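In order of appearance the chains are A, B, C and D, and numbering begins at 1 in each one.
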């Protein structure tokens, strides 16, 4: 019963970690994950992906999901 | 006192020649050149260049000018 | 269609030529539009000496494949190649190469531009520039305006 | 800036790479947009086996140089290369190659497209295709629509 949480770029640096595992609770949303690990509300400028697809912050998660938090992308 | 006349592509084939020299007459226009060599009015779909620049058909010519007649271009 | 993420410096035109040779579309493509993005020595008002390009292994490839798939549905394309660099990049080195093969030029150029804009604004890559005053994360890409 | 009219088959990406190496703009260009047009085996509803590309020696070069000059005034460009084939062309062979170097992608891509459209509609070239039923002059190029 777990969620894999990943951080990238500035978020990764600020968190001081690139990945962690949090316990899964039924009904848990993306925002809940951030609140669990960071002890604050998810800032609106942070992008979210669930299982490697962009996602909204209210999405309900399933056991085993991978959630990623990152700033605006700057590739290309 | 002469004008060099050039033909390209379908116009060249229809004229059966690629270049000829016609006498220059003061006041002569591009249309006059066509009338002189083809004995007809210049068809509106034929493009014209004078001294290697696109030109209107009413342009007055100077002695020694090069006039070219050709169909729509299809390069690239 | 091919998407490649690489940590090594690459020669974009050799890669494009080589990929083209592997395709069975001789005589079918009238148009190939390519875009190559390289690292400049100056950005956002400051001299830079290099950068680190971070990505999200797995999602990045998946996302770019989806972009290319989407472009292939929107335009009439014969093939698409996208190569994107990650890791440490030095001035003048290629960062991204996109090549689009199509029968007609409109499709090739529209799709190439579309893929590039999506790479700039959607694909999970992050640039950290090494500038005079230290390292800095690039906040936003500059606009890819259409002036036509 | 370089404009080349050639009767020989050419390798577009080698030419672009080679020209790029000759430029003193390392670290300045962030964007290179290229377009390569090749001869297709099918056009205007008919199978074709090759074509003859006629041009107006002198005017053609002069006209393309003017196009490139104009593009350099309209957009912020670092360099432009245009190569155009003339004479007998066989299926699959490159007809035209355009490469535009700029600091930013919008300029490179807009200018590349602009130069191509001008080449299609203004530069003095004429195509005569060798088709099954005999030779035929191509009447008009297909449109290079912007769908974005």
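Quick note on the criterion: a residue touches a chain if its C-beta (ideal position, glycine included) is under 8 Å from a C-beta of that chain, and two chains touch if they have at least 3 such contacts.
Just so you know, these numbers come straight off a predicted model, no measurement behind them.
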| item | value |
| --- | --- |
| Joint neighbours of chain D and chain B, given as chain labels | none |
| For chain A paired with chain C, centre-to-centre distance based on mean C-alpha positions, whole Å | 27 |
| Separation of chain A from chain D, taking each centre as the mean of its C-alpha atoms, in whole Å | 48 |
| Centre-to-centre distance between chain D and chain C (centres being mean Cα positions), rounded to whole Å | 22 |
| Touching two or more other chains - residues of chain A | 76 |
| Chain D residues counted as touching two or more neighbouring chains | 37, 105, 116 |
| Touching chain combinations (by label order) | A-C, B-D, C-D |
| Partner chain C, residues of chain A touching it in the complex | 6, 8-10, 12, 49, 52-54, 68, 70-76 |
| Sites on chain C touched by chain D in the complex | 11, 13-14, 16-17, 26-42, 74-75, 91-92, 103-106, 108-110, 112-114, 116, 142-148 |
| In the complex, chain C residues that touch chain A | 37, 53-56, 58-59, 62-63, 84, 95-96, 116, 119-128, 137-141 |
